[in-house]
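Right after this note come the structures.
Each of the next two complexes has chain A plus one more chain, namely chain B in the first and chain C in the second.
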Partner chain A sequence: MTLAEPALIEARGLSTAVRTAAGETPIVLSLDLSIGRGETVAIVGESGCGKSLAALSMIRLLPKGQARVTGGEVRLDGRDILRLREREMNALRGRDIALISQDPMSALNPLMTIGAQLYEAISAHAALPREALRERALELMRLVRIPDPETRLGEYPHRLSGGMCQRIVIAMAIAGHPRLLIADEPTTALDVTIQAQVLQLLQRLKEETGMALLIVTHDFGVVAEMADRVAVMYAGRIIEEGPVREIFRAPRHPYTQGLLALTRRAPAGERLPEIPGVVPSYADRPPGCAFAGRCDRALDICRTTAPARRIVGRRHEVECWFDGEASA
Partner chain B sequence: MSLLSVKDLHVRLPTGQGVVHAVNGLDLEIEPGTTVGLIGESGCGKSTLGKAILRLVPSAEGSIELDGEEITHLGAEALRAIRPKVQMIFQDNGSALNPRHTIGKSIGQPLRLAGWSAKDTRRRVEELLALVGLPADAYGRYPNAFSGGQRQRIGIARAIALNPRLIVCDEPVSALDVSVRAQVINLLGDLQRDLQMSYLFISHDLSVVEHIADRVVVMYLGRIVEQGARESFWSAPRHPYTRALLAAAPATDPDATKAIDKPVLQGELPSNLNLPQGCFFQGRCPLVEPRCREAAPQLRPAEGGNLVACHLVPDVGEAQTGAPVQLALTESL
Partner chain C sequence: MAGKRTLPTPFSDPLRFEGATRTSTASRGLNVARRVGLRLLTHVLPLMLVIITSTFFLIHSAPGSFVEIMSSEMQISDQAMIDRLTVTYGLDQPLWIQWLRYLQAIAQFDLGFSYRQNMPVLEAILHHLPATLILMVTGLLVALISGVAAGVLAASRPNSTLDRVLSLAGVFLFAAPGFWLGIMLIVLFGVVLGWLPIGDMRTIGGDFGFVGGVLDVAKHLILPAVAMGLHQSAIYLRVTRAAMIEAAAADYVKTARAKGLSEQAVALRHVFRNALLPIVTVLGLQFATVFSGSVVVEAVFNWPGIGSLLYDAVVARDYPMVLGVIILSALVVILVNLVIDALYAWLDPRIALD
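Right, the complex of A and B next:
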């Protein structure tokens, strides 16, 4: 992928495996992804496709002993952060890259007040006297639109709703002015009204701070709402990537086409379009294209040989042998 | 005649913090062979309503009639006779299955409880497996051998085993991946057509409800704020809450208006420990007026065909005549 200006962060050949009883199972398979400054990129895919592990690999927050990066590089400002010492990596987390996860409740310490957790997040990046710390915490809470922040400072997480907890998590994540915020399914556990509030908040914060966003989601609605560019993952690989408008208008991979057809409204009483079958487990993955078993257009070559990445448009790439353009 | 008729239902659940007013005076009708979609934010009481209909939680006031029979206060014995008629499918069917029972045993359990012989049960379970699109060899396997979508099929097989008239589907596809979701929705549609069952389909996913529901009911804090037939509901929503809910759904097109430029409903569902005075939605309503804080609005027919509980929505015909027109609730209710 060629960019007019150098990317903020760029993963090349990134591979991640999880440890299982039977040994190591590769989950993320040689992933290439770049994110420009201030850009919003979405990784979209179904459960088990490796999208969360890919994102966690980029910030080196894989669960210890359960998963590890097995290959590739992740360059931030041209420097491979996979080779940094843990101490250097810690300095970078929060300041350069921050993460918000799917379950805000589990991201907060139930035994610490909201204030104490915010102070901790702020202090990780700047040594501030107590009064300045409080001011900064209140400023962050106002930034994420927490009503009545003075009261909230002294409260514990259980007093707050899921939506409010997610706002606190976002406030902690942006405390160090990160240049990239990774949001792993940031609204999956939330109601549609609260989801709209959180998405609106992320859009505003992005405009105000100029940070880049990497959103991991299974929801094409969130993609349409947020992303400049989208990478569709299937069974560990990005099978299609491109500008969000182009992907919605002219998806090229049959899997992308199927997923998009599912997000569009089908007339009442008609059957919904289905993608038959399920995502193959690693052991059942065919030697060729991982989607071949579910694809109604699969050719012989699809089952035997993995397709190479092809450029099909401006910054639009796809891994599929099928050459015809079809509308979803 | 309606298959299910709920009248002025109240459900109050005692908790450590006080009494939760989960359902607060709710009327609901479901016709045979149709689907009523129930939407609203978490905590609005939609799941509790489903459980009350199944008599899994007690009702404090009001009545529930199933197939013409009053079931609100039936005793355990009489209730057992009703059970086959109304069943439930849960969001996470994996946890609803006993991990130590084979699929055959799990699906056959309601049949055995209803007095079926082992031989008849086995034949019926094999028939059910085929009906929901599971392989015949699923019979002797255990739940952990199945994916989320397959476990949902198992739950459906179990629910339809005794030919129920009504199934309460509580977020049946919310935990499933999009590609599998469509398979389960299509299966529910096929089964309804073939077996003439009714569904009360509880979901926060508006696009799924739009596809499956003949009528849509919007709940807020244990009350219905708007309901209407498919034809009018989506095209002419009138209640400020319904409009906000529909507007909050993320766009399915990158060129549509983004959240940042949309008026997004602020605040959250208030606590149901202490119910607000007047209209329950007043605290978050962008159009709130003094009268909204005084009296609770009743459901009334509005222009476009929906029933709406909002003081600000004029009655049908009011706009033309300039005076409120009293209309009896139509039988289509």
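Right, the complex of A and C next:
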């Protein structure tokens, strides 16, 4: 993919805040992210860094009354979907942008059969006669490798395993031929053996349908396996972004370097390595770089002035004052 | 891509029309029916035995027999006659013999004879039962419809002014005793405005034919049913509001919205349907309360139901009548809860009725 080709979806200055007892706390701070057609982008970061809220903002499914977008724009085909009315947004959800959420067991309505929920997803965007609806549902279930789909149609979610539920959720998500599938921690709630299967499934579906994928994860293993490009998030901002190979080969931000170092060495019997310190809350954030307090290479300027985004390689950008290639 | 936009209902599963599943839904229904039958034997019968026995001994442990009350009311001083009455009604026998005889009679659907009403107890109860059931069911419907509607409305905008006003009204109605609400309604609509009758079930001496008669009863029914229903509706408001808010935050609602469903479809098929479960639970629990609550409302509105019968029987130590009313009420409440359990199992596929 070349830089000249327009992105499928592009967030500019996207900010979201969470409502608390004391008012609103900003969580996502002016985030820029673009995803090309058929591209797989991963947002990676610790829990609480705002990666899920950023992704949910792009399909406008933030928890009602608890979080809201406070600024910026998200352009799909050039129009800002944050300004669409709810009706127009509904026409777009499932058809242009679809979502898979974290816990497959609670992502399905316990009172409706698998079939009913699949039919709902299919008929939300296409008026089909009953027989065609059933055919399409069976086709989708075969696509996500559900064994014995005819029987499953009439069953309720509690009779299915977590992995099976996630396959159903994926089948529902691709029912409307979306151009972008947002997967919010798609494997976190699953057994390790099932995780690999679900990732393989997503990869295959992506190749077959040509849709773009936005994967939200805290797992660099998932990133390495799936993503073309990765955005590392820390305390509400993307602090480094670039092609996966590039990031793995030469991470520039000390935080990225720290995260990667953790995933690489796992010596048996030793205490698990960690990055010292904690993520600062919004109120405690220093005026400069949010990571300065935990960074072993922090300079004076890091604490006073926020670093600007710099281009350090082909599509590789970083927000850090430090300017030496992993030399320290 | 406007597609078809049929109006969604909570139960408009596309699947319910569909071949493969029709059988499974039907077999689930059959299963429920068989289990209800089994439950009748294993749960309802023993429970009724316990209720009959405990009520029987409790009532006989109260001082004063009905022969004493009757003889004093009717100024009978002839000891020979009192003795004869005692023997006639079997009161000379030991209590456990009386108990066995009572059980034996009940097994033959004989609840005894009421000297007060001068007719068999069962006949007197069946004569008054329809009035009470009409009042109860109407009152419950008023409570359920107004409470659930207000709860859904309140939950649609949590912490808004509308929500606060509705919740406050709910607390007020629940704190106000049912009889007081009744009296206030009588004063407003019966006396000041004169729109509705202030009591009784029918216009005395009125003859309006069948349709006119039904309308006449309906007119008399409005105030007591509203008095009873409004008091109860506060509970449904609270439960519905909480259940709707909880269900709306569930992951499957996010999934449903991600499909691109309309707000309506999400609210009805996903949120409301899941919120129904706690509402049904409360409905079952409330039924007994409504039954006893109707006694008071019946008294306020001079409604010719079981309530007046029971009150009269207690004052007169009309034991067979008191026992009969209690047993039949218990039976009604138990059966209703059985239906609620079945309803619950039907609504929620995760619950097996066993």
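The criterion applied here is as follows: the second predicted complex is superposed on the first by the 316 of 328 C-alpha atoms of A that agree within 3 Å, B and C clash if a C-alpha of one lies under 4 Å from a C-alpha of the other, contacts with A are read in each partner's own complex, and residues count from 1 in each chain.
In this section, a residue touches a chain if its C-beta (ideal position, glycine included) is under 8 Å from a C-beta of that chain, and two chains touch if they have at least 3 such contacts.
Source: prediction; values computed, not measured.
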Chain B versus chain C as contact partner of A:I301, first or second or both or neither: neither
Touched partner set for A:R134, first chain B, second chain C, both or neither: second
Chain B versus chain C as contact partner of A:E225, first or second or both or neither: first
Touching partner for A:G176 - first (chain B), second (chain C), both, neither: second
Partner chain(s) touched by A:V312 [first = chain B, second = chain C, both, neither]: neither
First (chain B), second (chain C), both or neither touched by A:L84: neither
First, second, both or neither for A:A250, with chain B first and chain C second: neither
Set intersection of chain A contacts, chain C complex versus chain B complex: none
Residues on chain C engaged by chain A in the complex (per definition of touch): 1-4, 13-15, 17-18, 20-21, 24, 158, 248-252, 254-263, 265, 269-270, 273-274, 347-350
Chain A contact footprint on chain B (complex, rising order): 41-42, 147, 149, 177-183, 185-186, 189, 204, 206-207, 210-211, 230, 244-245, 247-256, 258-260, 262, 264-266, 268
Chain A residues within the chain C interface of the complex: 59, 61, 63-65, 86-87, 90-95, 98-99, 101-103, 106-113, 115-116, 119-121, 123-127, 130, 133-134, 150, 153-154, 156, 158, 169, 172-173, 175-176
Residue numbers on chain A that touch chain B, as the complex places them: 46-47, 161, 163-164, 191-197, 199-200, 203-204, 207, 218-227, 244-245, 248, 258-259, 262-266, 268, 271-276, 278-279
